[in-house]
Amino acid sequence: MADKKFRYNVRDHAAEYWERSPKWRRVCLSISFIAFFYALPFLNNPLINTPGSDFQSVLFYPVGMYVLMAIGLNIVVGKSGLLDLGYVAFFAIGAYTMAILGTHTGLNFWEILPIGIALAMFSGALLGTPTLRLRGDYLAIVTLGFGEIVRIVAVNIEAIGGPRGIAGIPTPPDFFNAKFTILDPKPYYWVLLTFTLLIVWMVRRMAARRPGRAWDAIRQDDDVAQLMGVNTLKYKVWAFVLGAAVAGAGGVLYASQILSIVPDQFNLNVSILILACVVFGGIGNLWGVILGATLLAFTPERIRFLSQPRILVFGIALVVMMNLRPDGILPKKKREHFDPNWHTVEESGEGEIK
Amino acid sequence: MDFALLRDAFWGLTFDGLALGAIYALISLGYTLVYGVLRLINFAHSEVFMIGTFSALVASGIMGVKVEDDPRTGWKMVLTLLVCLIAAMLASAITAVLVEIIAYRRLRQRGATKLATLISAIGVSISLVEAFRIITHSLPREFPRIMDKTFLLSYAGADIRNDKVIVIVAAGLMMFALERFISKSRYGKGIRAVSMDENTATLMGVNINKVITVTFLAGGLMAGAAAFFYILVYENTSFKVGFFLGISAFTAAVLGGIGNLKGALFGGFVLGVLETYTSAVFGTAWKAVISFLILVLVLLIKPTGLFGESIQQARV
Amino acid sequence: MSEKLLELKNVTMKFGGVTALNEVNLHVNKGEIAALIGPNGAGKTTVFNVVTGVYKPTSGEVNFVGQSVVGKKRYQVTKIGIARTFQNIRLFGESTALENVVTGADVHSKSGVIGSIFGTPRSRREEKAALERGMELLAFMGLKHRAGQLGKNLPYGDQRRLEIARALATNPQLLLLDEPAAGFNPAEKVALAATIRKIRDAGYTVLLIEHDMSLIMDISDRVAVLDFGQKIADDVPKVVQNDPRVIEAYLGAPADAS
Amino acid sequence: MRLEIKDLHVHYGKIEAIKGISVTVNEGEIVTLIGANGAGKTTMLKTISGLRPVSSGQIIFNGEDISKMPAHKRADLGLSQAPEGRGIFIGMSVLENLEMGKYNRKNRKAEMNEDLEKVFHLFPRLKERISQVGGTLSGGEQQMLAIGRALMARPKVLLLDEPSMGLAPLMIANIFNIITEINKTGTTILLVEQNAQQALQRAHRAYVLEVGHVVKEAKASDLLNDPAVRAAYLGTGAH
Amino acid sequence: PAANAACSGKLKIAYQGPLTGPEAALGINELNGVKFALSKFLTANKGANVDPTVYEVDDQGDPAVAGPIAPKVAAEECVVALVGPAYSGASKVSLPVYLSAGLSIITPSATNPTLPTFGKSIFHRAVLTDDYQGPAAARLIVSKNKNAKVFLVNDASDYAVGLQKTVDITLAGRVVGKDVTPTGTTDFTATIAKIKKSKATAVFYSGYFSQAAVFVKQLRDSGSKITFASGDGTLDDQFVKLARKSAEGALLTAPAIPFETASPKLAKEMTAMGMKPGVYTTESYDAANFFLEAIKAGNTDRASINKYVSTKSSKGLSKTLKFDAEGEVSGADVNGFIVKNGKLVLLGAIK
């Protein structure tokens, strides 16, 4: 009990500190925060190192990639409350776009990126428009099925490599001094980090504005949201499409780093893991989701020394943690605001309306 | 596309599809029961089934059956089959109840969200699969042939095989028994009450924990039966057996209208037959795709599945 | 003077065997406070549901400023100017009071997802306007000090008032209130009556369902009475109050004029 | 069946909603709790029926301390509540909802029809709607159903939370008559009401609650004439 | 990199493949082969320059997982050779990294023909690619059944599709039908109906043993008596165990031979150590031995070990390992097997 209070206090204090800070301090804090993440690959700390795998690579995949996708899925599941069990499909669509166009056309990574995102968004809309009318768990099975279908189609179509997938995907062209090769994951990580920051920025803007409110309303009470004038289907499709865009972007980047992809990589487990990241971290809370994804991606790498029971331990940890913190590590806990200005007007209907 | 095959082998495909569907139906009952009370997909249910198959295996060993033996006959066979069936049902039921206690109960009592519980159940599922993988050295296991497989009769090109007849009939009977139990005992009402409003249900004197335990227990028993029948027909199992069957069974539950017992039974049979037909017409590789598209079609026309009651929402 | 804002013509609403509304003719004039009363299950809430697009009437017409609302989506109905509250409070409990109201105020924003991501001038303008409107309405309903509190944590009375604020935020021409005083004590009812009057005076038209007769008599310009889905009276309060059919079906004893 | 609440404290998280309340309901009495919104009336009833845990204090029912007993067992002892917000099982028919009221009673069959008849007699509307699902009933119909369902359990102590809410005037009068009638047949009643006028007329004794405390305890008829109470809870213009 | 003094006496041989997750069975078979080779070597060569434990690399058979581990393996200076990766997908991701680190690899089971382009000089393969096995399998079927009409089934895996393709090409006009039964298929009713309708006299199943066993059982239980043939993925004692009587008469091909057949004595020894031989155990055993021989010959750094395995040869249990310029094993035969009385019986090299 005592430590629970303590935890919340830390969070609230941090948030309050942030709110009270003048602009210059916020800028400084943000810059040092961001700089830290760009410098992360150079950090050689035994605590966070991964003895069985390459730390710099781990930062790109799985950690960075999971974080990105978890943020994307959080728009769908966390913000608008739609259970999507086939999120990997959009990741696959991005990756296959990169792979097919990269090997068959002269287009480079930067040119393919928007195409991949657009295709992912398009398929999001295509899937979402008819099915988002379904409620709750019916949507879950439909999305689960969609995720599997994308994989099965990739396996069954010889023209895109069938089960052998596609190899020889080109790396992005050099960017100033940064060379993209499979031997050096750092530039990829930086690109990924930049994507992520961009998306965090976008999501935060949306969340605080009209779309965020619409999603909040839809998640809490779809019927009433409609009656308050929210075009719920439109906003649900938007959530789906934006989530798809994020995963699509991730897929394009991922394919260009790993250089060869096979359909089996895009299986149900990935969707479930990303969902676990979202819930584990604290559904609906951006920072929680980021933390959750980091932990869930990082832990199996960190405990590689366990060898055989590695995944077993991971599963048990998942159960234990959910039991201990059902709302996630950093729960979405809406803080109630008290603005002293709000008390200035005398109460009981003194205000006027037009 | 090979519609001619469907035409020529129609009755055979239908019969075999029904046998597969019977197993789906029994598993999907577990999904539907748990969904019916908690409004949650029990992700660990596929592992409840998996454990049932291994228990039947162990039971056959205890009954002194060896893989290289000839099939048994007469009372000895019946006894062995029964022991295996009961072992599978018990083990699955116990697993299901434990899953509830470990993955669900605490979370529910703390008022956790559905998703948190979902992840907790996924954690249990991952752990069980991995634990069994380690125990079985990642290898599949074979189930001895206890009962000789013979063709009872041939009708219009369909070979009616004894084991599959048993599966279809037994699934129907079990389903019937379950339906009777749920509708005649107080539990059926308790389950529905808890699913609609836990607080009011307790006020009516419903012991929520007990009702939920009974639900998991019943789902587990059915999954155990499914496990036994599965292993009787297909004669092998592995740690990953639950995964593929689980998805199909869950799809069946949704197709029939999740939360509805008759729907699960019906959905199971329909999906079994559907998968067999689509495999014949479009090739087995496409069966999942086609079955899924049909599911979506059904849901778009009838958003709550074939038998589903309309989702109950307080009116505005 | 009496321009008809809302008009129901021969509206019938059947649910299986239940006829909730039977050939109901009803109208609301612009600028008035109209009341809808009747025994439990008479079909009052159903009228609201038909008007706001929750149900599609089995037959009949529902016109709002000359255009039919039948077949319109719920959010479209809100856009053209009808807003409502709910008999069983339906707030967004996990959102703050201010967010609840601003969600309503968003109806008339044009900027969507893209606009808010890139912070287009229009989106900023609309955002600011919506927030201001929200605060204004909270103040109007006496809820300004609650702005930052979550809907579910508000006291009961404030929840009811917040629902009204949220509905007003959609800038409706017609405001539908479903038992806004339920669960209020006499003092609160008096205050609510004053508020509703103020709403009307600010130019809104109100259609009100209520079981508290003193409140109805106090503020309504016209009272329609439903019984078993049929309209049995429609007149000024004084007349309705003394209508024997109304007394028999609804009031019980002749209500004493206060 | 005496119900005795001693120095009860109840929390919602960090907020203390009930701050040391003692209330006694003697066998055969109607006791009413009145008080402004948020005073803690509903919380009291929820705590007595077991929906909210007790932070400290005792709830003694028939000599037995039930403050730690799970809610469903309290129901078995004969405590029955018609909850605020009605708690209708929205997907169950009217009949099924009523049957739920008898969930744990032995020889339910025999009693069932008898009790159903009683409820239908009190609320003929419910009989008309016997197979309609609870979720589609009108607000007032749901209220009748909630009360009817609580009666089905043949409670020893009946907890009613604003039973008149959402009911039409005729029905309100009816409800209070019913309360008196049930009480006459031996059921002890703890009644929470905003309609203090009626409640005080029907009750034997009353408690006035203010933000988690009892500020007044008296015979109901005395409170009815207490000017402070009249001003605060009966509305100045009320009769 | 040059030999590192710190590694003296502790040279490591790595194994990479799926050791956890659903694909783990195959990886564990292979790991056991490597472990067994190492322990035999250490008992025979006391005080050898080699770390007694295998450096285990678990990629779960998933390219995504392999991504971050390969650089770490490459950076482990004392790892001088690697047996694996087991799967082609994971290989494509890992090989470029190992190439740049000069780490020599011999894969016991990745059969995708394009792999040499990824691994170039450091790539070696201890199995024949599908290009060899497929035609041999086709010939075996025809030799047993002159007028064979063949139905092809694969399990949609990378390996199976590749193998089936080469079988298909060689059989040309004899193929009367095809079906794909993805991993996890439990009910083969429709496929069997198709086979019956096609009037095929033989079926070639391309995939792994566990599903092959389920398939052949259902085929036999349906009353069909046509020839069943399959490739090296099925060549495992487990197949016979799982399918029992239904496996009788099954024709299997492999560029290798099961461990038990190759050396019953070693197989027993291995089982006694608590390790069960299975598919590809022989290949990984041979691969590990080749590396160990290189070390024994005094090579202690990656470059010289790579040079050794690229140029010299090693007499293995399955075949003599001698790699051509592409890193492919050359001059090996594809063997045919038949299941008789519950045993895998070697038919000899398929001509």
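A, B, C, D and E label the chains in the order they appear, each numbered from 1.
We adopt the following convention: a contact is a pair of C-beta atoms (placed from the backbone, for glycine too) under 8 Å apart; a residue touches a chain by one contact, two chains touch by 3 or more.
This structure is a prediction, so every number in the text was calculated from the model and none was measured.
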Report summary line: For subunit C and subunit D, the contact-path distance works out to 1
Query - Partner chains shared by subunit A and subunit E (touch criterion as defined above) - result: B
Requested in this report: Please indicate which chain is farthest from subunit D, where distance is taken between mean Cα coordinates of the chains.
Outcome: E
Query - Identity of the chain that, by mean CA position, is farthest from subunit B - result: C
Report summary line: Whole-angstrom distance, CA centroid of subunit A to CA centroid of subunit C, is 41
Query raised in the report: Roughly how many whole angstrom separate the Cα centroids of subunit B and subunit C?
Result: 49
Requested in this report: Indicate the whole-number Å distance between the mean C-alpha point of subunit D and the mean C-alpha point of subunit E.
Outcome: 75
Query raised in the report: So what's the Cα centroid distance for subunit B and subunit D, whole Å?
Result: 44
Requested in this report: Would you pick out the residues of subunit E that each touch at least 2 other chains?
Outcome: 20-21, 156, 180, 182
Report summary line: Listed in rising order, subunit C residues that touch 2 or more other chains are 54, 86, 88, 90
Query raised in the report: If you look at subunit B, which of its residues touch at least two other chains?
Result: 130, 285, 288, 313-316
Report task. Sort out for me which residues of subunit E touch subunit A in the complex. Result -> 19-21, 56-58, 62-64, 67-72, 75, 88-89, 92-93, 96-97, 100, 112, 114, 118, 156-158, 160-162, 180, 182
Query raised in the report: Where on subunit E is subunit B touching in the complex?
Result: 20-22, 24-25, 28, 156, 179-182, 184-191, 193-194, 196-197, 210, 213-214, 217-218, 221-223, 238, 241-242, 244, 276, 278, 342
Requested in this report: Enumerate the contact residues on subunit A facing subunit E in the complex.
Outcome: 50, 52-54, 56-58, 60-62, 152, 155-156, 162-165, 167, 182-183, 185, 257-262, 264-265, 301, 304, 307-308, 310-311
Query raised in the report: Across the complex, what residues on subunit D touch subunit C?
Result: 36-38, 85, 125, 129, 132, 136-141, 143-144, 162, 165-173, 194, 196, 232-239
Query - In the complex with subunit C, residue positions of subunit A that touch it - result: 202, 205-206, 209-211, 213-214, 216-217, 220-221, 223-232, 238, 242, 334, 336-339, 342-343, 345, 347-354
